[in-house]
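Got some structures for you, see below.
Look for chain A in each of the two complexes below; its partner is chain B in the first and chain C in the second.
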Partner chain A sequence: MSAPQAGTDGCSHEGMRNGAEPHSLMEHRALRRASLPLIACALLALPPLRPLLDATMTLQMLVQIPLLTTLGWRLAGAVPRGAGDAMGRWNADGISGLVLASMAALPWMLPRALDAAVDDSWVAAAKFVSVPLLIGLPLGISWPRMGFVVRGVFFMEFVATCFRLGWIYLASPGRLCSNYLLGDQQQLGRLLLLIGASVTLLLSARLLFGSFDLAGAAVDRSRHPDGEQPARSR
Partner chain B sequence: MRALGTLLVSLAFAAAGGLVLAGATDGFQAFTTETARRIDVRAHPRPLPAIVLESDRGADLALASYRGRWLLIDFIYTRCETYCSALGGEFARLQDLLAAPIAEGRIALLSISFDPEHDDPEALHAYRKRFGDRGAGWTAARPTDAATLETVRTSFGLKIVPDGLGGYVHNVALVLVDPEGRLVEIVASGDPQATAALLRARISS
Partner chain C sequence: MATMTLYPDDERLSATERAVFDLYAVSAVVLFVLMMLIGLLMRTAQGNWMSIPPDLFYQLLSMHGTGMVGTMGMITTAVMWFFLRKYVKLHLWAFVANFVLFLFGALCIIGAIFVGNYGALWTFLYPLPVALAKTWSNGAAAWFLLGYLLIGVGMLLFYLDAALGLIGRFGNLGRALGLQWLLSGDIDPDHPKTVVASTMVIIANVLGILAGAVVLVLSLVSAANPEITFNALVMKNLTYWFGHMYINATIYMAVIALYELLPRYTGRPYPITRPFLWSWAASCVFVIVVFPHHLLMDYAQPRWVSIIGQVVSHGAGFPVFLVTTWGVLTNIHRSGMRWTMPSRLMVLAMFGWAAGIVPAMLDGTIAINRVMHNTQWVPGHFHFYLLLGVLPMTLALLYHVIGSREQTTLDSSADRVGFPLYLLGGLIFTFAFLDAGRMSVARRMATHLPEWRGTDQVGTIGALLLVLAMLYFAMRIAIGLLRVKPDAGPRHAAR
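After this line comes the complex of A and B, so read on.
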């Protein structure tokens, strides 16, 4: 029980042993890591990128929102290790993070929200803040903690969502967004089906022909139980 | 303990997500802007804007002059070859179906153009003729300045998107105004029988 804890505690001890300087150094590094994604998010929220990516439903859903998510994910690199481990107590296997991200993603799948994000600057602000911080960041923090099963649930949910939304957008006879054209909506529908199908094929191929990262994560953990153990033992 | 903590936090997140979603959809009723607009109008009737349009006879037409009558408004542009044609046909059909209350001055029909540059009084008149105007109770009109057009757009929740081919795509619906000049309902277009029945029910109630 003491050996596994050495890994994480070592980190915080180091900070205490060497006084304030390494601590501020760590903060500095965290700040540097966070600044790039934050600046990129701000750029996405301002002209010319915002009107450009708001121009069609397809760009907003398949470029702008995924970019914001990715940038939020990158922010996870700026979260100090200790903080991540402390949260681990409430985030076993990254499940809480996955639930938070899923919940935060739900509103941004509503045609109404996509519309409002174009018309209403408050809704737009909510999008540019919530997508990186409530979808990307929790996923970034939680992904390394997720084992095979939780990642499997994530992918299943992702693929199912692509098919559900794609099907709705294709099947709807009328426009669901009053800011966007029907052709745009149908193109988005087709692309969502394509993405869902591609992810399914890719996952199936990896499951069938080995070298499966997700399986790797699970194997890693059983091979080096120390890696994930400290948080669990607390 | 970790499992319990995670369960609690996850449940809290799920509950918060449900609340946000309920708030964002008017209690899981409105998933599109158009549905939200209809629910909102029914719940909170809004006063008509005090604007003056130019009628297809070239005369000033104040929206306030419709007080005392039920008024059904649609929004068009005369170059439109898709929805607005259907709307034109629908209004002509409503003139037939509601001939009696129109003759009694209890119902009026109004087509407002959101493309005033092209839709001068002649064009608007031709539009009515093209769809078989029955000669009573239907007026077409246009805003004559940018401010009035903007008022029309905002107060009726009109969404107009260029279709990339020189035309427009717009939310198509009929707006019902009560005799007190309040916007009380947004009616789906495409079924004149149902619209006529609704109007008859309204005037007799």
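After this line comes the complex of A and C, so read on.
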């Protein structure tokens, strides 16, 4: 494998910044970075954590699945540089990764899938593999590549999904899962609405009053080679 | 401060930009003519001068409303893009994506209406699209809703790109809106009004699109599985949060043309002021919370929500309207303005906006709304400010752009006939609606009682004049934009 080169895609691989680095050292680092999330995933899949987090619909959807997604995200740091570059060609602006994560997330929004993950060990296995590897990992790889617009679409869809699912869970007159009670389902609905509203408020406050590091993306460098601001009214 | 040069260099379009802008403009004027023809057909049928089966009437009404609102959104986006690109970096791909998604959305909607027979109007009020599935299929309703989703996504991409540009230059949207100067400090005289208006539109309409994204998908869920039902009142609130913001955004995007062009035609500077910033900041808040005035007859709605609807509807458009009208009138007064088509259209737009607000505020008053809301008073008020306010603002820009590309004066004999024809037709048409409202003629009815037909027939005559004038404007604009080489011999003399 060729020696690592300086990064150009904005990913935070340490090896990319250090210039030439022994291959074995890189492998060691990748293994170390992967080991912690993988061990954590295994712990989540085993007693006592699994039955604890499967005990309620709220815990499964708002704690277990987000934890698995976060661990998958952390795995992105262990992806070898070469593989990252190869995927990058198919992942312009992180859009392919975002689409993959969205598609993989769809089944885990359905009550039937949450139910089946409790009853059927094969479905449970599918969850513990697919959520970190097909949701968290693509998001972790793609996030640094995403620009303002793609992240904006992501947040918009995230908030809209919270409101939609929250309302569906609240509006359904009967239990959607055979393993969970109606009260649990409605509590999940209320929490999803709360999350959607909170994220909307936080994003609005940030956009209105926050500061942003757009890394010069907002300034048209081609028209303003010195980095000066575009001309004001003339 | 806006430029005083009639055709400044920073408004020149590259060949690609010109092609995209022309695509927007020509598509819009063609769609406006087609939608007006549909409107003429409906008024003619209501006046009993021709016969249209009721199911076809409601399809035409759905097409007319959706087409007009969508086209207005599309062309006013082009107005915002045309001027905002001078101050912040906008990516052409976002502007193109908005148009492409608009086209796909329009195809879905046209298919749903004319192939699938959808007829639950542009407001798609839940559960109507699904509940009336005996007249059309759930699939037709789903295609209609999908069309809206595509149009909303296109607009969202454009807004996000514009927000990126604004944040890149001003740091955050609050500073772009000028909030730092509301209470104290020296206002930067070069802070563009276009930036303030665009920021307000982005903040308000992105929230509207969010509401639309929720209610449209839930309606799709309901179309896929009618057993899943939602609270119809909450759905209606979200629908009008989306719909009200979308159509109101067209006014605020179109008025940018007025801020930019008027000083060039009067030859007088139009400085930014603290009241101007206050008015836009206030309207930004009000326009987000004003939507309950559409639900004053929904008696299950909490009383306090209806009261907010009335109070805020009196204040929502008023600050911007007042400050803009005052600014425009003082700018024009004794300026010796040359009366060409862009300046005429701008003054007409101010009149249409000002006069159109009055019946709107009356309808936003609970006591009046209880009597007038389901009458033709309502189409009277929104046709007033759309036909005589928003549309002339956009036509003013399109005429102005023609002027930048050819040496002819924008004051031909045909222009001088077309303009009064449009004004006369518009006034007859809208006052026929308002008078019908006064007489409590019900709106959205395919079949009218003989007693109602007088105003229908007067309205039909007004609509005919409007269609003729708009047909002329459309041909004049399409030929003016497409015939001339890019920026060939632009005229630079201001006055």
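We adopt the following convention: the second predicted complex is superposed on the first by the 190 of 234 C-alpha atoms of A that agree within 3 Å, B and C clash if a C-alpha of one lies under 4 Å from a C-alpha of the other, contacts with A are read in each partner's own complex, and residues count from 1 in each chain.
Here is the rule we use: a contact is a pair of C-beta atoms (placed from the backbone, for glycine too) under 8 Å apart; a residue touches a chain by one contact, two chains touch by 3 or more.
Computed from a predicted model, the values in this text were never measured in an experiment.
By the document's definition of touching, of the two partners only chain C reaches A:F148; chain B does not. Contact with chain B, but none with chain C, is seen for A:I95 once the two complexes are overlaid on the shared chain. With both structures placed on the common chain, the touch criterion links A:W167 to chain C but leaves chain B unconnected. Contacts of A:M156 after superposition on the shared chain: chain C is touched, whereas chain B is not. When the shared chain is aligned, no partner comes close enough to touch A:S121: not chain B, not chain C. Counting contacts by the rule stated earlier, residues 231-232, 234 of chain A appear in both its interface with chain B and its interface with chain C. Of all residues in chain A, only 88-93, 95-96, 99-100, 102-104, 106-107, 110-113, 115-116, 175-182, 231-232, 234 touch chain B in the complex they form.
Across the interface of their complex, chain A is touched by residues 1-3, 5-6, 8-10, 13-14, 16-18, 20-21, 24-25, 30-36, 159, 161, 163-164, 169, 171 of chain B. Of all residues in chain C, those touching chain A in their complex are 1-3, 5, 8, 10, 86-89, 94, 156-157, 160-161, 163-165, 167-169, 171-174, 177, 179, 190-192, 203, 206-207, 209-210, 213-214, 217-218, 221, 228-231, 234. The part of chain A that touches chain C in the complex is made up of residues 147-149, 152-153, 156-157, 159-160, 163-164, 167-168, 171-172, 200, 204, 206-212, 214, 217-220, 223, 229-234.
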